[in-house]
Amino acid sequence: MALSYKDYLEQSQLPHMWCPGCGDGIILRAYTEALAELNLAPKDVVTVTGIGCWGKADDYLSTQAFHGTHGRALAFATGIKTANPDLTVVTLMGDGDAVTIGGNHFIHAARRNVNLTAIVTNNYNYGMTGGQYSATTPLESKTTTSPNGVAEPGFDVCFLAEAAGANFVARTTVYHAVALKNLIKEGILHPGFSLVEVISPCPTYFGRFNVHPSPVNMMNWLKEKAIPVQKYRELPLEEQHEHFAVGKLVKKDRPDFYTTYRRINGGKKGAEEGDTNGR
Amino acid sequence: MGAKQWQIVLGGTGGQGLILGGVSLAKAAVAEGKNAVQTQTYGIQTRGGYSQAEVVISEGTVYFPKCDNPDLVLALSQAAYDRYQSKISADCIVLYDRDAVTSKGRAKDLGYPFQAKALDLGNEKVINSLALGAVLKLCPVVSKESMAKVLEGALPAKALNLNLRALELGYGEIIN
Amino acid sequence: MVSEPRKIRIEIDKKSCKRCGICQGLCPQAVYSLAKDGSPEITNPERCTNCRLCDLRCPDFAITLEVLA
Amino acid sequence: MNRPVGVQFMQGNEACVYAALDAGAKFYGGYPITPSSEIAELSAKFLPQVDGVYLQMEDEIGSIAAIIGASAAGQKSYTATSGPGFSLMQENLGMAVYAEVPLVLINVMRNGPSTGLATRPAQGDVMQARWGTHGDHPIIALSPGSVQECYDLTVRAFNLSEKYRIPVILLGDEVIGHMRESLTIPEADKLEIINRKLPTVPAQGYKPYQTDEDDIPAIPPYGTDYIVHISSSCHDESGYSHSAPQTADKLVQRLHRKIDKNKKDIIQVEWFGPEQADLTIIAYGAISRVAKQAVINAQDKGLSVNLLRLITLWPFADEEVKAALEKAKAILVPELNLGQIVHEVERLNTFGPPVHSLSRIDGEILIPAQIMEKIEEVLK
Amino acid sequence: MNRPVGVQFMQGNEACVYAALDAGAKFYGGYPITPSSEIAELSAKFLPQVDGVYLQMEDEIGSIAAIIGASAAGQKSYTATSGPGFSLMQENLGMAVYAEVPLVLINVMRNGPSTGLATRPAQGDVMQARWGTHGDHPIIALSPGSVQECYDLTVRAFNLSEKYRIPVILLGDEVIGHMRESLTIPEADKLEIINRKLPTVPAQGYKPYQTDEDDIPAIPPYGTDYIVHISSSCHDESGYSHSAPQTADKLVQRLHRKIDKNKKDIIQVEWFGPEQADLTIIAYGAISRVAKQAVINAQDKGLSVNLLRLITLWPFADEEVKAALEKAKAILVPELNLGQIVHEVERLNTFGPPVHSLSRIDGEILIPAQIMEKIEEVLK
Amino acid sequence: MALSYKDYLEQSQLPHMWCPGCGDGIILRAYTEALAELNLAPKDVVTVTGIGCWGKADDYLSTQAFHGTHGRALAFATGIKTANPDLTVVTLMGDGDAVTIGGNHFIHAARRNVNLTAIVTNNYNYGMTGGQYSATTPLESKTTTSPNGVAEPGFDVCFLAEAAGANFVARTTVYHAVALKNLIKEGILHPGFSLVEVISPCPTYFGRFNVHPSPVNMMNWLKEKAIPVQKYRELPLEEQHEHFAVGKLVKKDRPDFYTTYRRINGGKKGAEEGDTNGR
Amino acid sequence: MGAKQWQIVLGGTGGQGLILGGVSLAKAAVAEGKNAVQTQTYGIQTRGGYSQAEVVISEGTVYFPKCDNPDLVLALSQAAYDRYQSKISADCIVLYDRDAVTSKGRAKDLGYPFQAKALDLGNEKVINSLALGAVLKLCPVVSKESMAKVLEGALPAKALNLNLRALELGYGEIIN
Amino acid sequence: MVSEPRKIRIEIDKKSCKRCGICQGLCPQAVYSLAKDGSPEITNPERCTNCRLCDLRCPDFAITLEVLA
């Protein structure tokens, strides 16, 4: 029987806690749509979350779930996936979770190339704790801890993942809901570490302070900012600074950690077999 | 027993401005030379979700900072109404939003269509000034004037007038 | 050859809707309008092209589009 | 920044920030966490106005590391956090104790363990404040019971930290941190501000960890003519690594001695209620307010109850608690945990009165009626 | 891997690894640190041979996170560290307690605080093992006194962890970890191995944190038909977040109850020397061996001394220590710290005998003569 | 009076603890030579170290020094430098310190662009704890925790720093002692975050297990592996995999954190002045 | 008092193989049916720096695992020699390397040119087998044959012969 | 024109030297040789070109090169 996205939602927990117009709901929809289209049973998927608004996503899911401490989702997920390579393991992390407090696990998971998919919701701030700046907040943005503008530039999360060694790297926005779903599917299917960065509106904080408090305006802002990667690469530098690239940025074929580990060390799940999930 | 104390609970949904309301109430009391302590209870939701301000006002020292025996509970949501059912005495006034709460019909329960009236005033956000007006009528722990003064000091000019009107309306329309 | 016109059923689950306005704001066909309290109303259902800009972007899973046979 | 003076009405967390600035703090390094984030937000706003720096670090490990560094570079520095962040800070907190770098750490306690209930109060980190890092280390921890004390004890925390070159923990809780009430902020010139001791010997041949009888090293900030070597490894007086057993012993003994012998200066308590009572409540933080109300209610009911409020939690007020144990017929220790400080009271109890614990860990604070009930149970 | 059987001669750290494998461990996640690194190195060598995985993580935070994840995925998992790493693990250790994920954490204690003396023994993390993470949490900690016990207690640590779904800390020290002596490794079929309880109810409607009277949840690994929701936030029986006060209270109370009511099963002690003695030494780990020698030496000198050796450190052996306090005229607690377990002994001392502490913190272990000297001082 | 490298060494602490032929001594020489040539007084330089063999370097230095906990040198240094921008702050970290346990501080310091110089001694393993693999150990190398070969690829430390936003990035080896000294000087002079990665022999462990236990052979191995960056970029891919690029890899002119902070927020050390050290 | 115990300390410099020597000694004792405990003390240096193995051998149970009253101290470095000066009884034999240590001239001090002899044998690394030989002669806690057997089990073929020769030499040349 | 030949003084501090062999191994002029115990000896000082491959790479600061006037 074909599954619907609703089969991955825990109806009894809805409505969710997110603010009106928050992008998190749109990503949750895309994630569950992707799982449905991949026809993965909820019991075979472990959703690993951190702490944050996006980190609450597990509460609305009917998959297996692990809601860990702030910033450590990838480290928990590394253990889960390596201990049972048959599971499909997806981590849902905010920009704080993934690349601020969790930056070390992020680069090491990418380097180690564990067969995981990381869906990083980048809303350019800490939504959960009240809109402070994070490591992705753009230079000079106003947040609750940078009333005059933040003095640090934000990470290019995808570039960072690439430099760390990620096998599959993509970026999109919640405006691009269909592309989002498809990139998540592709990320899950791709062996090794896959990153899907999703630029997402936090109308309550980042939006209100820097763009606009209206969810619709935030959506349109995303639409304007996002440029398909091919086109982006041809833009003049100043134009690039005003936008970000969306689409598939990296696709490599390094074998995943578990497969390499077994190849080198032997063991029951031997070289030929390795991690067969998601292939 | 020390000096007379008032305990007022403002309960509703995150985003309704109840914490600000509680702070204003406490500030008005302080301005009148009383002691006041304001505390809050809230969940992790930024908008929506349960939210509550508690204000204890006294002419003496306030030790216990919460409302263990409230004089008045404002319930703008069902959750707020339900939460306090078991904790209040028969004397406690429960002022609830008729548009959002089903009352259990206690003698001291008092309904008022806060949401509808706020919308009538042109902005849902004035619901907290509206409620403050009603609260002060029922529980005159500070004068309406003191409260208006606090609002004057706290609100931007363009919001002020509407809020003062809401305060007046709430104060005027509630019948004790 | 002329096809049968598709029938599209749009359903908004008011209990889930948080009145963010995204559906109305993004619908290219002005199918929706907003009530005074910000609630979306389905005012021009016949104009819907099933482009799905609305339901896939509704953060609260409040919109269901169904293409009827 | 316009420094407020006189009677003010504000939150406990706000009061901490004004106090930090008044104490001379110029550097905040932190990572936001409920229910402490107001301290970060206000520090971000005010510090640049006093030529200071608000540095939001990548995590709590980096936060405490940054303020240790900033303090070593001569700026009074502080951070604020709650349980999960406090756990992450433990390694470097031990480093600051060992290397004798002053700093103030504000832990606004919330319900745990782990992520727990992020917006709800608790007093679950009290023993952690004492024992959270590895190895034997002394610590100072203060527990404010009002917004006024958030201000006063933050100033005091900086003073003690500078004076004794040791991190001082302000162990607040969600109730006190978010509570608003009146406080009085003194005129600037009425405040006692203590700054760390500087060396009086010449730079040539100077050894940062050489002390006179007070056991407190006189270490200037980096950048003066004095060469300062600060180390997390076992070090001799020069600050360079040294691994002889005598060196290790001497260092750790001195670290404890400099606190132990100054307990009189460090320990503060408050007695409330009748001087002599059948039952003495020992409480701290938000719960001490509940206890005060209970003392009053008990009096109304004709019960003989008083309160020993611990303002300094660590080092523990051994003498004062012993005095309570000696005088009372029974002791009651109400806490927002499963019983932590009660262990210390029991430890000192060679006097015999039964020591009762009253716990609450559901994210709500104890109410006067609960304490009353327990009082009546104990005294009946 | 060729499993050694019968009498062997090896290091304590080595014995831990053989024991972990014998207990069924298949997953090690760690970050090297002196003096525990042999555990990592041997695990790296042997685990692949049993189809297991050695995962060297980027730090200790990641290490404990990885083994929590691996355990949730169904593999018995362990890590090894020392003080600095133990401090870094505190946040996630609390998570494992709260979310009831079994794991074994071996802390080979070294001299601290901070980096201290990395190659020298100490017992400075004993209170940290109990109180190191924020919030109220139970814990189990065992303290081996010989290479044999490194083996036996590691097996036991896995068994207790699986049985009670709680992290178990093996609190060794540099002496025991690096000491080589003989031990006997039993035949595989002579070993009692406990595996975590699995659900008996149908998958439909299953709630991972619903328990029967034993208070221990039956949670299967990820990937079966049962949906498992594991959470660091306050959760109800379904594992989903729930923030009602009753939910918080129920959860934390149960976490403690499942340990408290099984203290009999968990707590192990050993009595050494005459049944009745004037002075009872209470000791653990490497120092308990020194104490045994002292007991013998005392006997030779005609002094009446015996030893209560704590094998389980946490939960604390209240009953057994009370028995000691009741019988002896004096108590001596020698430790490689400034006095930690002695606090617990004092806490329980409503019986009156003086409780003496003997400390050493210079990176060397206490010698029998030091204990003898103290015995003579106390008994004179 | 011109200073000699010896003026930066604490003679009473020598000889140092490092093994015969360890590269650490060569780097310490280059560092102290660089300080001497820059004529920076020892009192104005704060050397911040972590824990490791290279992390012991502070014990042999007469500059101001901060010997912190493992992996946190950059976080301590960030506080030191930001609290007193007049100081010259240099962090000495091993590969374990810098990019394994310390990876998060590393990427954030690079992003934040604090005016620091990081000298990262990459000996491809944890020397101090007995030769376990680190996040830079090349795939399949043998170490004490990878007896059959490590199953994870190592970071390209310089690429990672670049992606994180570093202003100045260079790599060299201890064989190239003069280039090393010059790159350190340039790094110190360059505003913002500067990285000098130094590939260095650990003959006792990594060398013995993977190359050769002889220090001379290790030196020659470094000489062969290192290719000047221009030439490296022209190599065929397989050749690249067998070598690494040395030289200046990135040189950007982003203003440093402190300068930006003051520009945005005002304060005594205002916009014009900012951090004037090392210019 | 329990059964007779021997306490032997092997002290020198990291890299001299003394810990391996201590382990071998203990293993030989175990092979002879005795109880043995070996411990070590070392610094953070990988090579160079103080390093010491302690071996306690007994026919009874060994409780205290360190040498608080050693029968013999081998000192291959001055640090090793100095470290134990204050801790030993007059009965304790101190066997020191004449090439590295200046003796205080205790009655029971005994010098031997370990370094030179090891170099003569062709490899500095055999210093520990050489020393073990000498130790066993002075303190015959296990037989030379038991020790040789342990070495046979532990050393690679190409190193074995030289080490056995060193053992013999040390054993043969030391005069008790 | 012929310049005065430069005089170069090479000094090895034996107390610092750890006998790693780098100086001898890298010297392009074979100025050094190794003794039986691995210790470097200055055997052909006259061949030194002051290229400094040795002293800057001596991990133990044991070599001092001095160019005499």
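First chain written, first letter: the chains are A, B, C, D, E, F, G and H, and each begins at residue 1.
Assume a contact is a pair of C-beta atoms (placed from the backbone, for glycine too) under 8 Å apart; a residue touches a chain by one contact, two chains touch by 3 or more.
Being a predicted model, the structure only gives us computed values, none of them experimental.
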item	value
Separation of chain F from chain D in steps, with touching chains one step apart	1
Chain pair with more C-beta contacts, F-G versus F-H	F-H
Computed distance of Cα centres, chain F from chain A, in Å	32
CA centroid of chain A to CA centroid of chain C, Å	28
Centroid distance [mean C-alpha coordinates] between chain H and chain B, Å	87
Chain E and chain H: spacing of chain centres that average the CA atoms, whole Å	57
For chain F, residues contacting two or more additional chains	19-20, 51, 56, 67, 69, 100-101, 103-104, 108, 128, 130, 135, 148, 261, 265-266
Residue numbers of chain H (touch at least two other chains)	18
Chain B residues counted as touching two or more neighbouring chains	43-44, 48
In the complex with chain E, residue positions of chain F that touch it	51, 67, 69-71, 100-101, 103, 126, 128-130, 132-133, 135, 144-148
Chain D - residues contacting chain E, complex	61, 82-84, 86-88, 90-91, 94-95, 97-99, 109, 111-118, 120, 122, 124-125, 127-128, 130-137, 231-234, 243, 245-246, 248-249, 252-253, 256, 337-338, 340, 343, 346-350, 352, 361-364
Residue ranges of chain D touching chain F (in the complex, touch as defined)	26-27, 29, 48-49, 51-53, 55, 57-59, 61-62, 65-75, 77, 91-92, 95, 221-233, 239-241
Residues of chain A touching chain F in the complex	100-104, 107-108, 111-113, 135, 139-140, 148-156, 159-160, 162-165, 254, 257, 260-261, 263-266
Partner chain G, residues of chain F touching it in the complex	17, 19-20, 53, 56, 127-128, 130, 204
